[in-house]
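Once you scroll down, you'll see the structures, which are given as structure tokens.
Each of the two complexes below includes subunit A, the first together with subunit B, the second together with subunit C.
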Partner chain A sequence: MLTRPRALAAAAVSALLLMSVASCGSGDNTTTPTNSAASTGNSVTSGGEITVRGCTPQNSLLPPNTSEVCGGNVLDASEAKLVHYTPDDAAPELDVAASIDTTDSVHWTVKLNDGYMFQDGTQVKAKNFVDAWNWGAACSSAQLNSYFFAPIAGFTDPSGDGCNTADTMSGLAVVDDLTFTITTTSPTSNLVVRLGYTAFAPQPDAFFADTSEGKANFAKLPIAAGPYQIVKNDDTQMVLQKFAGYSGKFPGSVDKVTFKIYNDTSAAYNDVVANNLDLTDVIPSDQLVGDAWKTDLVNSDGTNRWGTKDTGVIQVLTYSAVDAQLKNTSLRQAISLGWDRAQVTKAVFNNARTPATGWVSPVADGYKADQCTNCVFDAAKAKQLYDAAGGYKGTFLIWVNGDGGHDAWAQAVCNQLKNNLGMECAVQTTPDFKTLRNKITKRDADLTGMYRGGWQMDYPSIENFLAPIYATGASSNDGDYSNPAFDQLLVDAAAATTNDAANKLYQQAEALLDKDMPSMPLWYQQSQFGFSSKIKSVKMTPFSTFDFGSVVMN
Partner chain B sequence: MGKYVVRRLLMMIPTFLGATLIIFYLSFALPGDPTAGRCGERPCPASYVEWFRSHYGLDKPFLVQYGIYMGRLLTGDLGTNYYGNTVIHELAIRYPTTLKLAVIAIVAEILIGIGAGILAGIRRGRFIDSLVTISTLVVIAIPVFVLGSLAQMVFGIKLKWFPVTAGDGTWGQLLLPGLVLGSLYVAYVARLTRTNLVENLRADYVRTAYAKGMQPARAIGLHALRNSLLPSITYIGASFGALLGGAIVTERIFNINGVGSLIYRSISQRDGTTLVGAVVVIVVIYMVMTLLVDLLYGLLDPRLRHE
Partner chain C sequence: MSEIVTTTAAERPRSLGADAWDVMRRRPLFWVAAVLVVLFVAMAIAPELFTTKDPRSCDLAFSRQLPSAGAIFGYDFQGCDIFARTVYGARASILVGIFTALAAALLGGLLGTLAGYLGGAVDAVLSRIADIFFSIPLLLGAIVVGSVVPLSPNSPLWRCVIQIVLVLVLFGWPNTFRLMRGSVMQVKPNEYVQAARALGANPFRVTTSHIVPNALTPLIVVSTIDLGSYIATEATLSFLGVGLPGTIVSWGRDISAASGIGYIRNAPHMLLFPAAALCLTVLAFIILGEVVRDALDPKLR
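This part shows the complex of A and B:
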């Protein structure tokens, strides 16, 4: 589930400030999760059918080609991976894998559970993983998530395209039906955490037998090994039926889940209010004002039918890579110090966001509070630094995309900067997320000031919030940040032998960000969701998806 | 008559070419690469971008792309969208819904619009006249997204008289959105009918009919009304063409899977193939509807017959 550039859809749809994406990098963590019994709801079998807000996937429904919410929500319920994240805190637990062992964080042996079945009745074997990963990584397959396989030895990418120019990776080898080995190019101590990402799902023989371009025929109704099977997939709905032959530890509770396609989150919300739809994962921003949604979503007996969940999403403003004035570190610090995050989250979001105290979401393993000393509002110090730095000449711009509901907070930040620092500040809005991304990718010359970025974790590790965004030359390093000491700490952390040791090194790296201020953390995101009177309770995961194993019907 | 039709049909060809060229150019000129933002904050892998661009022909010059598109169009192929569905298929499953919505709106136009117009016209200056004039003014003044959201809130959520959304596209679900969509046209038709009727009631031929001792009902129904309805019918015909183009705002509010929501989605995803395909179909429908209205006009008013 890590997938999510879920943000994409959400941003376009405007309700969430979300944005985000996927990633990879190097990591740490040598301990393998224990093969504990499922901690979630397999005792809750209540049957029944529910309808859930869905949206139109942007790409074919294949795990290596799905990196946004609309497709991700569906694949999340249908695909089984080696590792599963607990719905409460995203801790990894073994799923298809019976064990994943290593002694050096480079050579890994994966043993599969016997008798794990695909939805077409064939067994999940080692080759289903190895072949699927080789296919997903290869440039010839042109899959969005191909770079997730980059840590595996034999991933050849001379020009930095993010895909493997060879057809296979030498780091993957099948030992027998239920065993395969993974060799990574360099120590990757958090490999196990990464393996729960959707891109690492196995594919049945039927997938490889499909000769249509881009496996388009298979992708219409993909066969997977998860608790739910996609039985219908058209333009208005996607229907998932509980897979009777599911043998894993994380079964679904309801018998049938129908994702109804909504173009507008307000329509979905209104349907939930009127009990015509059972679940929505997005509450429109206009309903958050004055907590209107909390009064709408109450059963006749007074019980609530809404919930919130802290999710692994952080919003930042990145100091523009093309703005020469912002090369001055104390100016950047002054701007970050010069406004009150708590006041903005209260006034604009009614506290549905938590002011950030660092660059890593509290949901992630390795999170340390108060890493960003420049995030603590101090008008006097800010003004002093600002004046000492000579101020900012011209109008300081804050760039946001106009389709994500970002105008209000950006304006609030601007006003505070004007009042506290006496600088000229204006909000620049692009028509939509695509336009903003396009400008940032091209490092457009008029893109001075700061631009908005949001990051949704792919997997719950501190590494995922640092390496893909702030390592020199990293794919999402929008501010062109480069600090050799930071890069070295990331390498050291990935090679650490224990998870704690690795996390400490990552935290030291994060502390460097506080000195250099490549970006200004804004807040951590919370997801709001609502459900119909038919449902008694349901859990949302830290990835903003629903855990259909925990649905309890009234 | 036949000659006229042929001439009109021939005129459609340059119109069609011009319209498609402009639409194609506009969707081509939309800011933002279709692959930008497709992978969130992270740039997409080069192999994916390359595949995407060559698969959808985006790597070719504009005129070549247009040529290829038009060539395909002649064989009835509207292309395949970014999600992998053929545009024809997308339109085919959405058109019945949009058509139903349009029919509901048109029926409302005819029954309510013309009915209210006639009532106001023959009772000019009386209470009913003022009521129609003022209420239509209010409807015209309120933007459809306000009207739609309001109707959804009041009749759907609070009073529960109508379904809140119309995702399945059944007649029952589409009734409320259809009325909302038609309300603006209803108001215009009512005003148009009233004005024309009032004018014609003062015309010499109606006065003559009265002078001959004709019953008022007959004088109004047979003589005045027949002439008064001509502009309304033209208007209703033209609005049917517009309605078949889909209603982006109404379809969004009520979650209707019609042509309007398809167009909206393809614009936001920079899905030029779907966008051009959908608009091309709308252009054709519009041209055909205009032709039909013009022909109908000739039938109703002998003076305008196309000989």
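This part shows the complex of A and C:
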């Protein structure tokens, strides 16, 4: 889903995973507080309590209804799925599932680990998945993430609303307590990678027993199978307690995690600097200038208490679908070639973003570097293409939303285009993100030039960066891009029998984007985070959430 | 000032204007304010006299560089010359200030005179209308209008200035209206007005020749003082993103772009210079207004 709030919330930074990898290992001789965890036999036993910056979830805390970072942060820690993404590189590894097998990328057999427990003491069974998915996909449930289930056979969506008009999907069948089968409508070679998304979490019997509207009672304190249990959830905080009976391979370390709700990220940042808050996942952008935040977040012994992490977010500017002048491909190429990504990321973001070299985040499975030949700064070639294309008449507009701190970079891009191509360029801000999205959705006639788009991956696969954005008629195809060859490659890739073969085809499809330039990649986002002196180290995942299993206390 | 000259006296003393000028020119503050006003107005009229650099030509390579011989105010975030931007920014700010003050004085003055002279139903209706606009805070109203009718970067300078001026006048005129109304009511019972009436002058002549000239002083004074605050309001609106668009160089825009604790810590000069120019201009107009008030109002001498 394009530029959803989750993407907005993710702040940015430099390429290196600066958090020490060594620090997450076992054998940390950390002092364990007296209220130490009832250890579940895992190697990292740190105990203690931490407070984390939280924000008010947009919707009820149900996995199929949470698509933004405020609720996602919490559910990430509390839900267990078939597949778990490693915190380092988002590689999928089996969690609740013991195996997921297929021979044709259409018929899949899922076997569950025996004895995997929900937080209410009931066992996670095949029907908990099948029923939860059927419920999450159905239009009658009105869940935001229902479109995630679209590949499953029996998902009927004649009106294109992204939800299943029927109550069940024929492609799901329970074989026995620990086995179920998935049949997809068409070959979906990367299904396993998708299954780690929060929407695919199982639901306990208590969920189905809840008869309240939209499962509102259940959603207050949802019961899941993950390492942390939500024990308190109100307007000011959400408290997660370590689940003593957790049965999976990815346990938490600290005993208690409290998400304190902040409306202002600067306030959260200041609290972390003052050691009143233990973790923040957002550093205000003005603190990035001159690396002010790095000097703020240093312990008295000189060790750092900040980190950065590459996340699966790419920022692009889409060539307007309503601008007739931009139908000229060489003009689009000239605009992409005519400014220096490295200089902008350095000056505006203090290198807190990585210049894009393609349309797919390096975090994603199937990423290939240097796919975008038009993303390499070449003023001379750009000017030549620009002049050959006859230039751009009128003022070229770059549309950004005014509430996301996009003014500065957009102005910098504009200035470079002015200097290098000699075109008139101006930044047009809309009061907020919603206004911009509404204009784009309506393809407003005054929306000439380019408009900003950010994409936060749903699951770490190259497919997720191509199909939803550039396939003909796709839900987030803001630039109305349509190329039959591109569409065919996507179909072929989905039908490939191995993931590697699929990725090769996806990479060929991405190469077509370089020829047609439907959008101009800007940079890959990184997240910066800060922590208090209480914490020795912590890892952030490529989804900009914290991995509470890797928290090591001082 | 000649229109303020009163025509009642038979012995032809020195006019009020000449009197005021005599007082003002002996005050050093007047000269300080006047020099500043002339300087900034000159910047607004002919910025190219002050700098040869183009405020819109920016090179990111110079981003946030400190003041140096080549750029005496340094460079801003985008690598634009801050001195050039400060000089060119005067035009939009001062245009808005002067036109708003003029328009508010004209509209408020005219309606205030009507209400004060005619009284009765006209006064009641006009005063209630003024109360309605008075109850809406100027800044709030301007933000609402600015969000509903956003200015496009394609709009030329005059179009943007006119919109901002209209908005500020719309919510600013009750001030001058009240002032003028009160002032007219105060002058109206005077003997010379009665005398003019008794001699058969029509209401138009009574108002224009006798009442307005004698009731105008407070309006002139307050308008001069308000001029400064209108410039500050324009800067505030641009700062909030509902004022002048980014294509127009203005102090408010530059101050907005340079704000943020992190920026101030690392590159305070980006904020300092446009903010100082704004402060000096507002200060100059306010001092000028006060000096004029002191000079025109004998009670304060």
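Keep in mind that, in the parts below, the second predicted complex is superposed on the first by the 514 of 554 C-alpha atoms of A that agree within 3 Å, B and C clash if a C-alpha of one lies under 4 Å from a C-alpha of the other, contacts with A are read in each partner's own complex, and residues count from 1 in each chain.
Everything below uses one rule, namely that a contact is a pair of C-beta atoms (placed from the backbone, for glycine too) under 8 Å apart; a residue touches a chain by one contact, two chains touch by 3 or more.
All values derive from a computational prediction rather than experimental measurement.
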item: Clash or fit, subunit B versus subunit C on superposed subunit A; value: fit
item: Contacts of A:Ala347 with subunit B and subunit C, given as first, second, both or neither; value: second
item: Partner chain(s) touched by A:Ser67 [first = subunit B, second = subunit C, both, neither]; value: first
item: Partner chain in contact with A:Val427 - subunit B first, subunit C second, else both or neither; value: second
item: Which of subunit B and subunit C A:Pro468 touches, first, second, both or neither; value: first
item: Touching partner for A:Val298 - first (subunit B), second (subunit C), both, neither; value: neither
item: Which superposed partner A:Ser266 touches (first subunit B, second subunit C, both, neither); value: both
item: Residue contacts with subunit A in the superposition, subunit B compared against subunit C; value: B
item: Contacts of A:Asn419 with subunit B and subunit C, given as first, second, both or neither; value: second
item: Partner chain in contact with A:Leu144 - subunit B first, subunit C second, else both or neither; value: first
item: First (subunit B), second (subunit C), both or neither touched by A:Ala388; value: neither
item: CA minimum distance (subunit B, subunit C), superposed complexes, angstrom; value: 8
item: Subunit B and subunit C contact sites that coincide on subunit A, given as residue numbers; value: 266, 431
item: Residue ranges of subunit C touching subunit A (in the complex, touch as defined); value: 56-61, 63-64, 77-80, 147, 150, 152-154, 241-242, 245-247, 257, 260-263, 265-267
item: In the complex with subunit C, residue positions of subunit A that touch it; value: 266, 284-290, 292-293, 340, 343-344, 347-348, 394-395, 397, 402, 407-408, 411-412, 415-416, 418-419, 426-431, 446
item: Complex contacts: residues of subunit B adjacent to subunit A; value: 31-34, 36-48, 50-52, 82-85, 90, 93-94, 149, 152-153, 156-157, 160, 163-165, 167-168, 251-255, 257, 261, 264-265, 268-270
item: In the complex with subunit B, residue positions of subunit A that touch it; value: 4-8, 12, 19-23, 56-60, 67-68, 139-144, 146-147, 159-163, 214, 216, 219, 234-237, 260-264, 266-268, 270-271, 273-274, 276, 403, 431-438, 441, 453-456, 468-469, 475-476, 478
